[in-house]
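Take a look at the structures listed below.
One chain, subunit A, links the two complexes that follow: it is found with subunit B in the first and with subunit C in the second.
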Partner chain A sequence: MPIAWATAWRTWQMTRRAYPWTYAVGTVLPAALTIALAHLGFHVIGGGAVGDDFAAGSGTTAYLAYIVVGTTAFHFAVRLILWSAKALITEQRQGTLGALLIAPAGRLPYLLGFTGFAVLSSVLEFLTLGLVVAALGITVPVSSVPGALLGALALIAAVFALSVGLGGLMIAAGEAHISQNTVFIMLGLVGGFTFPRDYLPEPVRWFAELLPTTSAMDVLHGSFTGGQSLPELLPRLAVCAALTCAHLFLGLTCLPRAEARAVERTY
Partner chain B sequence: MNPLRHSLRVFAAETLKQHRRLFGQPLVVFSMLVWPVLQLATTYYTLRPVATASRAAENWPLAADPDRLLAFLATGTLAYAFFFSLVQSAWHLSFERTTGTLELLFLSPAGRLTLMIANGAGALLQNAWLLTCFTVAALTGFGTLSVSAWWMYGIVLLALLIPAVAWGAFLNSLLVFSRDSAFLYTILDEPLWFVSGVRLPHFALPAAVQVVGAVFPLTGSLLAVRGALLEHRTASELAPTLLGLGALSALLLVAAALILRVGEARARRTGALSLV
Partner chain C sequence: MTMTTAIEVRGLRKDFPVREKGILGPRTLKRAVDGLDLDIPRGRVTGLLGLNGAGKTTTIKILATLLRPSAGTVRIDGLDAVADARAVRRRINLIAGGERMVYTRMTGRENLWYFGQLYDVPKADLRRRTGELLDLVGLSGAADTMVERYSRGMTQRLAIARGLVNRPDYLLLDEPTLGLDAPIARDLRRVVADLAAHDGTGVLLTSHYLAEVEELCGHVYVISAGRHLAQGSPAELKAATGSHRTVRLTVTDPTERTRAAADAFGATRETLPDGGELITLRHPGDMAGPLTAAVFEAGGSIGGLEIAEASLEDAILTLAERGEAGLAGPGSGRPDATTIRPGAATAPPEAATAPPEAATVPPGAGTAPSEAAAAGVKGGTP
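And now, the complex of A and B:
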């Protein structure tokens, strides 16, 4: 716990001093633009209605609220990956990875510290997104408050589990730009964030089921626009928890090998 | 050596440099083919509920058929990739600042504007050819094209290429003289697709956004490309758009020349590579 706290505090100090606005603009702006795009499309083209296949796939006709939940969750996930998965490769680029590896600090609390910081700082930034949503006059219904809270927690845990493995991949490959953007775009396409997954071809849907974020998004959509109660959401929460544990286990098993490879390649 | 021949040699050399730097790089394949295609799929699925609404066909006849909605978005993706590849190239040019080769460029007798144009054009050809082939093949395969004459394809290519190169020269000149290039990169990436109507038809945007969008040549390029490829427009119908594009491109080139002159004069006097 002291390690997690120290990491979070260090990151907060560094970000506050060096890059106060870059990250905030970089994630809130795309989310706001996607919501604005959906808003314009819904009113000007759809005439305030959506096609029947949307309601069949998502269980709601509240297209804009669905987009708001999905877009916010997607960019929140992107933010968490940017911090947690890139933590190790940032150390590598700055030349401090070696020092971190020989320090008597566990990797899991270190990464948890990064995620903790990322969650807190992102929550502040995404409150500004609330202003955009309010300005556009979109109301988001909530059918189950505990379901929404558990869904958000599940999403954070799922993204963290993905980030551990991804971070290892990044330092092993010595490359972050291509891998991170490919992961973001894949997630946005298959993860069921901004449209029901029924639209996708069958094999892609099965691939999506392997990602823990997919079931977390089902819980989030279900508890906001889906009109589902907590007991109805529990099966998907259980799936998410199982997949998160599997991904975390896989990531933590591979991470030491990735670290060894990263260090050996340097010398 | 006469000035034209000199400029052509500078142009060829800078384009060759871009070819060697960019060709076959994994980053180019990802950022110019894999990501745009996946992003296109995401945008298509996100907008599909709106386009399949019962009243959508009367508001926007083009989108009544899902294939044609996809073609509309694909042309947007293609044109956007053209312009974005230039934002990326201008961003790379700012590395010449950090590595110290920019001063050498300014010491050389090469024409500054020629260099900026060649840098953009070289990057464009290296980056966008793959996506162009892909989009052309996909559009032809879907059978959604509606073109009035075969030579309209030539007009489409010119309507993409000339404004994009002018835009690239302008961005390059601007970024050579600015310190915080990452910020411009952020500003020009996401808002560019929104204001230019890449993912929505032009009429769906609010008036204020349309006014802002008119500043970017991508807006006009998209109108011309979609008019010629999807809406069966003839050259005379598109003439006002094309003339506007030509004027905007000329204006961008003049602005680029002006920025280069002012910036260089200031650099000589103060030793600082910045406009203000």
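And now, the complex of A and C:
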């Protein structure tokens, strides 16, 4: 996988040179604020207790721990999408898309390189979130460590699969802002990150089921605050794996067309 | 393994969907390339000429597998450009003067390293090749400088090195010297000529600098509105369009004998205010010597001699205007470019008033065949 490695290394070099460290702060800060606000709301307004419907939907009364897992996962997913889905349109804006497309290298390792870099850099950034969580005195219970690790992997894979298609859409449309924000809002609303999906209307819940990130979040929440063991998590992991493969297949199938469209659109 | 070693283009067509008014307007098809046949063999520089919007870039992008043809086939050493795109990409590369094609936030060396990875260049070769290429384009000194600090010409030179990183069998050049200063453009021409002659690379070149095309190309296709107009060597194209070189000879003391000599060549004569005579001869061949000798032997004093080279530019313009296809049979051999007489004395005033496209070339200037040259000869009475 030399192309994935070379791409990750190249991205690291370019990022290191161009981004000030405040950029990392900028990505972690929203997540930290969300958690801090939830902390405030929970203790000051909610009186430190959760409603019965939340407990029933989320399987936990540890509201803040649920929020910590969900918020961290959401902002992590956003970071991965910003890197992986925007990789190709960034090439287009830099004037390097043509040079990339005429090379014989496959697009999958290229995009994996971006995601690999994004995962590593984001993990480093999000470790600082741990400090915020500790400072607020929130403890996050873990019921299944392998489940949590598999859930994290599942989330990365699911976001990657979504990013391939989204990246294609972006270069075909020549637009990143609307596409990415639509996806972020959609994920935040229906993806089961920071509140249980039981609050959502039935059709929306079914739509959410089509996103591979939804089952990945079930696994993550389940293995932290949900109190579930690995065998209990496996069915949702399987659903996530199947949906991830389906999305990846779709995305990779459509990508060449999107690339051709991107070249046709710009002249 | 392969049947042919050439790029073969047959019946190539490309339609772009375009919307007339805004995003909701009716969708129509714009035909950019319309039934082209091209052969680009190894070891030759093939030119693709046409006015703005003729379809050159579109054609090159299809050959580079960037665009898909709407109809027709492109085969590269027998491989299909659409079905076998991956294999085709290993054998070709593209250098486009109008596009950046390198990363600004990396150094020159890092860029070549990264593209080397994309082309799967063996690790052992890549380091050496990167050095060689940087040397070739004169960027060794700036190899470890970030491209964003490069000048435009330096960036373009790096883009050229990028286009050679996989040692392509076929090199597609879309206005590669755009924005390069003269010495660098000349170096690039030398590299291209060398690649074709010594490495057997098949090169397809588009350029608006027709002198460049004339210097490099063994064969030229002329297209207009995506259609084939003409093809042949630059000399054949010039001959076929009746682009003649023009010889203008000034005789200071015209007599019946000098007039007869000029008439024998089919030249036209014109009396000048000072009593002299201007003899003008348009001919595909190099007639300056024989005409001058004949007039001189007829006792005429030569006041000035001026030769305007037939230019490929004239030929292309004529072709584009005529918009006609087909060419007469192969013409005469490539006319040698500039006739400069070693013994030329000081140029008379007439020679200074050169036609717009004529340039005064000093003897011994070993430049490319220039489009026009003027030289003066002063003869005495026998």
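Heads up, the rule we're going with is that the second predicted complex is superposed on the first by the 264 of 267 C-alpha atoms of A that agree within 3 Å, B and C clash if a C-alpha of one lies under 4 Å from a C-alpha of the other, contacts with A are read in each partner's own complex, and residues count from 1 in each chain.
One rule holds in what follows: a contact is a pair of C-beta atoms (placed from the backbone, for glycine too) under 8 Å apart; a residue touches a chain by one contact, two chains touch by 3 or more.
Remember, it's a predicted structure, so these values are computed and weren't measured experimentally.
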Practice task
Name the contact category of A:T194: first (subunit B only), second (subunit C only), both, or neither.
Solution key: first
Practice task
Please indicate which partner A:V50 is in contact with in the superposed arrangement: first for subunit B, second for subunit C, both, or neither.
Solution key: first
Exercise for the section: Identify the partner contact of A:L37: answer first if only subunit B is touched, second if only subunit C is, both if each is, neither if none is. Expected result: first
Practice task
With the two complexes superposed on chain A, say which partner A:L101 touches: subunit B (first), subunit C (second), both, or neither.
Solution key: second
Exercise for the section: Using the touch criterion from the header, give the chain among subunit B and subunit C with more contacted residues in subunit A. Expected result: B
Practice task
Answer with first, second, both or neither: which of subunit B and subunit C does A:F207 touch in the superposed model?
Solution key: neither
Practice task
Return first, second, both or neither, reflecting whether A:W12 touches subunit B, subunit C, both chains, or no partner chain.
Solution key: neither
Fill in the blank from the handout: Contacts of subunit A common to subunit B and subunit C in the A-superposed view none
Practice task
Sort out for me which residues of subunit C touch subunit A in the complex.
Solution key: 16-17, 57, 61, 64-68, 86-87, 89-90, 92-94, 96, 99-106, 110, 113-115, 117-120, 146, 162
Handout entry: Contact footprint of subunit A on subunit B as seen in their complex
Key = 26-27, 30-31, 34-35, 38-39, 41-42, 45-56, 59-60, 63, 182-183, 186, 190-191, 193-194, 199-201, 203-206
Exercise for the section: Under the touch definition given earlier, write down the residues of subunit A that touch subunit C in their complex. Expected result: 2-3, 6-7, 10, 13-14, 17-18, 94-96, 98-105, 260, 263-264, 267
Problem - Touch list for subunit A against partner subunit B, complex - result: 22, 25-26, 29-30, 33-34, 36-38, 40-42, 44-47, 49-54, 63, 67, 177-178, 181-182, 185-186, 188-189, 194-195, 199-200
